[in-house]
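Note that chain A is present in both complexes that follow, paired respectively with chain B and with chain C.
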Partner chain A sequence: MSPGIEQLFFGIAAVVATVSSMLVVTRRNPIYSAMFLIVMFAAVSVIFMLLDATFLGFMQLLVYAGAIMVLYLFVIMLINPREGDLPEESGATEKSFAAGVSLLIFSMLSFAISHSNEVERLSALGSIPLLPEVSDSHGTIRAFGLELFHNHLLVFELTSILILVGIIGAVHLASRRKNNVPHNLTNAAEGVVSQDV
Partner chain B sequence: MTDPLYSILIAVIKAVIIFAVILQIVPLLVYFERKISAWIQDRIGPNRVGPIGLLQPLADVIKLAFKEDLTPQGADKWIYRLAPVLVYAPAVLAFTVIPVGIDLQVASFDVGVVFLLTISGFSVYGLAFGGWASNNKYSLLGGLRASAQMISYEVAMGLSIIAIMMTAETVDLNEIIRQQWGSGTLGLLEWNLFKQPIAAVVFIIAAFAETNRLPFDLAECEAELIGGFHTEYTGLKFATFFMGEYVAMITMSGLMVTLFLGGWSVPWVEIPTSPSMVDMALSIGFFSVKLFALLFFYIWIRWTLPRFRYDQLMGIGWKVFIPVSLVNLGLTAVAGVLGWKWLIPLP
Partner chain C sequence: MELTISRAEILAILPAGILFITGLVQLFADLGRSAENKRSEKTHLAMIGVTGFLLAFAALFVQGTGASTGPLYAGAMTDDLFGRMGAGVVIMTGLFSTLMSGSYLASRGSNSAEFTALISFGAGAMALLCQATNLVSIFIAIETLSLAVYVMAGYFQNQRSASEGAFKYFVLGAFSSGFLLLGMAFIYGATGGSLSLADIAASDGQQDSLFSVGTLLVLIGFAFKVGAVPFHTWVPDVYQGAPTVAVGWMAVAVKASSLFCLCRFLLFTGGSHHLAQLLAAISVVTMLLGNLAALNQQSLKRMMAYSGIAHTGYLLIPLVIALSGEGASAGASIPFYMFAYAATTLAAFGVLAAISVGSDRDQIHDLDGLSRSRPLLALGFSVALISLAGIPLTAGFIGKLLILSNAVQHGYLLLALVGIIASLISVYFYLRPVVSMWFREPKSSFELVPASWGITFTVAVCGIATIALGLFPGWLIDLSKRSVEAILG
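And then the complex of A and B:
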């Protein structure tokens, strides 16, 4: 892809990601928040793909936008919030506090980025150079798998243990509730919630 | 040839052709469905409109287009309108990576299978959003069921596809097809259907669940939920849902043909290195024959088997198909590392 088109796509993806993540926070209805979060994930995966990490981009879509957000939606739809049920928006004090914290983080990040060596080196060059050329195998499943299962095997295994702990915890929590609830209620809950999730 | 505008033009032409062809197959498929179901149930089926009822789908489309377009009170208008598109678009988009002829597909990715899995997974949002936005408890239940069912069976389907990717040692769909070619009658045994029978069975059953077809149409389930997520939809919005289901069926059959049935190749015919137009047409013909055979299988199953109960569906999904495909995956991995060709014939 020629650099011009690449920058155009990056611009579109970056704007979409920023705007949709703002909308995630500002929408009152959680379904809309979830929807814009999906759009945001899609935009981020486009950025991954522009960086020649096609497989990683699709994984981002498959795992976050395709699977995890479905579970989010699931919970939101089971609670099924309608206009009247939504809690009141927090007061001016809390809003200004949130704005202050966001502004602080934003200024810290922009300070750090603008003062990094890399940016200084690039601005000394006059213009932002193109991304360095990578080999054709970069970002393919083979390269990705080698990196993950060869160079970062320990981290990978530790992560899987963490996830396993999470699963066992969830199963434990789900099964303990059964003993406290009368039998007929358990069956109902099983039919609607546990079986589904 | 390397001009980017030229390649974009070619891609657009291919996309339009595929889109148009799929759009034409859907009414044909509806007609076949009605005729085959009539045949199975010893009826006549549609025979009033046109010769042997062939124009019936056209009449259906006109009828649907002139229906009043209702939006229920209290529905979330934007999401209500968006939902049918979210079912239809991913199904068409996913078809773009399936090779319909020798090295002929709309979009050629190095991660074709992953793209297809990702995109077809998105249609779950259409069902979930449609069910939620209708402001109807039956729709909501249908949407919830659909999303739970689809993410559950996506796992089993993904695991069976990974097994194929491991035997083929590639994710390039054309390469997977080439590896399934063998000369002579016994070349048929090179098909992944025979090399990876467990994955094939898991895949086809998961495909039924993914496309919400009987015996797994728990999301619609007229007897319990009226019509599930599309209860409130009328006119062309309903038609879009309906078409989405059929296109998803075509896409899944196309993927099945590619992964397990040798795609556009046939065992007796050598794959030409530089295909002529005739070779291309023949390969598209072979692909279509296999595709329609599978679509017939889909319809046949629908009108033969009764519907599963919801807990049975979830039970077999999580307790049978996922463990079975995991064991299959483990066996494939062990056979691959130790080079046990007698267990799983590796390339």
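And then the complex of A and C:
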């Protein structure tokens, strides 16, 4: 792909990702937020592919935009929030405070990027995706697997513990009000469950 | 390419690996439980846990006090004295928390294997965090231990305060992990794609503005994990809602592993005066706010929460010195202080667990006249509080002395002064429970379930350790100094 077209694709993907992530935060209806999140994931996966990380790009699409977002949507639809259940619109002072903090972080990050020698050095080399040392196999499943099982073996194994802890935690926290209701409350407990959960 | 694992690599992973296996065994040992079963004490789970922790501790001795093995697992971790000491603190804390858990949880009717298993898994991740030497392994270890601690904070699912604390902790924790990850990404970018700390230290990207911002974001992420002001708002709620036996573990082990990791990180990436000044400001505010907010607390757990925040403030002082790149040796006070803090805090939370078995007693006036009904518990708690206040002859005093004298040596007079003032303020609220235990009349309604042997044993051992470290600190100080020298090789 010629650098010009690559720039164009990057520009489109970047704008789409930024705008849709802003929409995720500002929509009040969680379904809309989830939908814009899918758009954002798709745009980010385009950026990954432009960076020659094909495998990561497809995983982003399959796992995040596909599997995880479907799960999100299921949860949202199960909870089924109606207009009255949605949280109160926060006040003007809270909003301006949040906007101020965001602006502060944004200006700090953009200052750092615009004054960085490393970024300057890379942009002098041409567009960032055209790094000279990237080989043909970069970003393929084979390269990814070799990297994962050789250089990051320990982390890979530790991730399985991370997921196990997550499962145990989710099961434990979701098992509320089953076994530990005092005996004299057992009859009334059925009603309590549906109200409180 | 061939996959080979050397002997040193197996040895290095041994303590954490044993803890992970312990967690799995505990889960399997508790399969097929019934509702009644949750009220029993389940000594077999505690015994499996204790065996696992003792084996892991033995593994540390097999590793010995020898020199660093250099990078293992392609730079993901190392096996040096500093990491082993951190793992030692984590393992001892987990050991005593497991020992205390049985009777307390059984009295609440929620004794299940999840509790002990989460302690084991969390402790394994913490031990790895102390030894982690690249950005990816640091992040995954932090996330693993955080998940375990989030669940622990909300362990009593039916309690409103527990759910509130856990929810706040989880949301803020996820947010701070975002900061941590973004910071790591910036560091990765600024150093031309280096993940391991040694590569980062060797790269010339350290002066880059991206690098400074990255370090700042990583600092923010860690500041949240250790509960430094202004990222401390979750601490009191979590301490109040979580099971008392777990709070001691959460307070010490999370703080210890995060600080060991942060110390290693800063020793490799340090050298920024602006960031050091910022961290110094955080340290001052944390010390003062923690101690001032503790003054007016009636709840013992909330008081201990603010005391924990204040101790984070003291512990940030050696990190300020390390970050400014002036004295790597300043980090030597961290291992000693963490051992002292672990012994002291475990003794204190052992007593809190003992008085809240079968009830929700948590107020300072609930301690009135404890010295008559339970002299041993009262003595243990008094020793712990005196040590936390930093009064001589205790481990806490030596720890503070090390930190403050280091600060004076490296010219941080203001930090040392604030530390001393903050300690003086803290004496007031630490002595309030002591007065109420020894000089107040016991209340007529005061009924105390006899403490289980696990709690009594923990309070006794940790109380004695607090005094012993205060009287004979030499060997541990020596070990701490050697451990910090070993980091940089």
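General remarks:
Just so we're on the same page, the second predicted complex is superposed on the first by the 157 of 197 C-alpha atoms of A that agree within 3 Å, B and C clash if a C-alpha of one lies under 4 Å from a C-alpha of the other, contacts with A are read in each partner's own complex, and residues count from 1 in each chain.
In this section, a contact is a pair of C-beta atoms (placed from the backbone, for glycine too) under 8 Å apart; a residue touches a chain by one contact, two chains touch by 3 or more.
Computed from a predicted structure; not experimentally measured.
By the touch criterion defined above, A:Leu158 reaches chain C but does not reach chain B.
Once the two complexes are laid over each other on the shared chain, residue contacts for A:Glu118 go to chain C alone; chain B is not touched. In the superposition on chain A, A:Ala65 makes contact with chain B only, not with chain C. Contacts of A:Leu148 after superposition: neither chain B nor chain C is touched.
In the superposed pair of complexes, A:Gly166 makes contact with chain C only, with no contact to chain B. Within the complex formed with chain B, the residues of chain A that make contact are 1-2, 5, 29, 31-32, 35, 38, 54-55, 58-59, 61-62, 65-67, 70-71, 73-74, 77-78, 80, 140-141, 190-191, 195-197.
Residues 108-109, 111-113, 115-119, 146, 149-155, 158-159, 161-162, 164-166, 168-169, 171-173, 175-180 of chain A are the ones touching chain C in the complex.
Contact residues of chain C toward chain A in the complex are 1, 3, 13, 20, 27, 35, 38, 73-77, 108-110, 112, 114, 117-118, 121-122, 124-125, 128, 136-137, 140-141, 143-144, 147-148, 150-151, 154-155, 157-158, 166, 186, 189-192, 205, 207-210, 212-213. The residues of chain B lying in touch with chain A in their complex are 4, 76, 79, 109-111, 114-115, 117-118, 121-122, 124-125, 128-129, 131-132, 140, 143-145, 147-148, 150-151, 154, 171, 310-311, 314.
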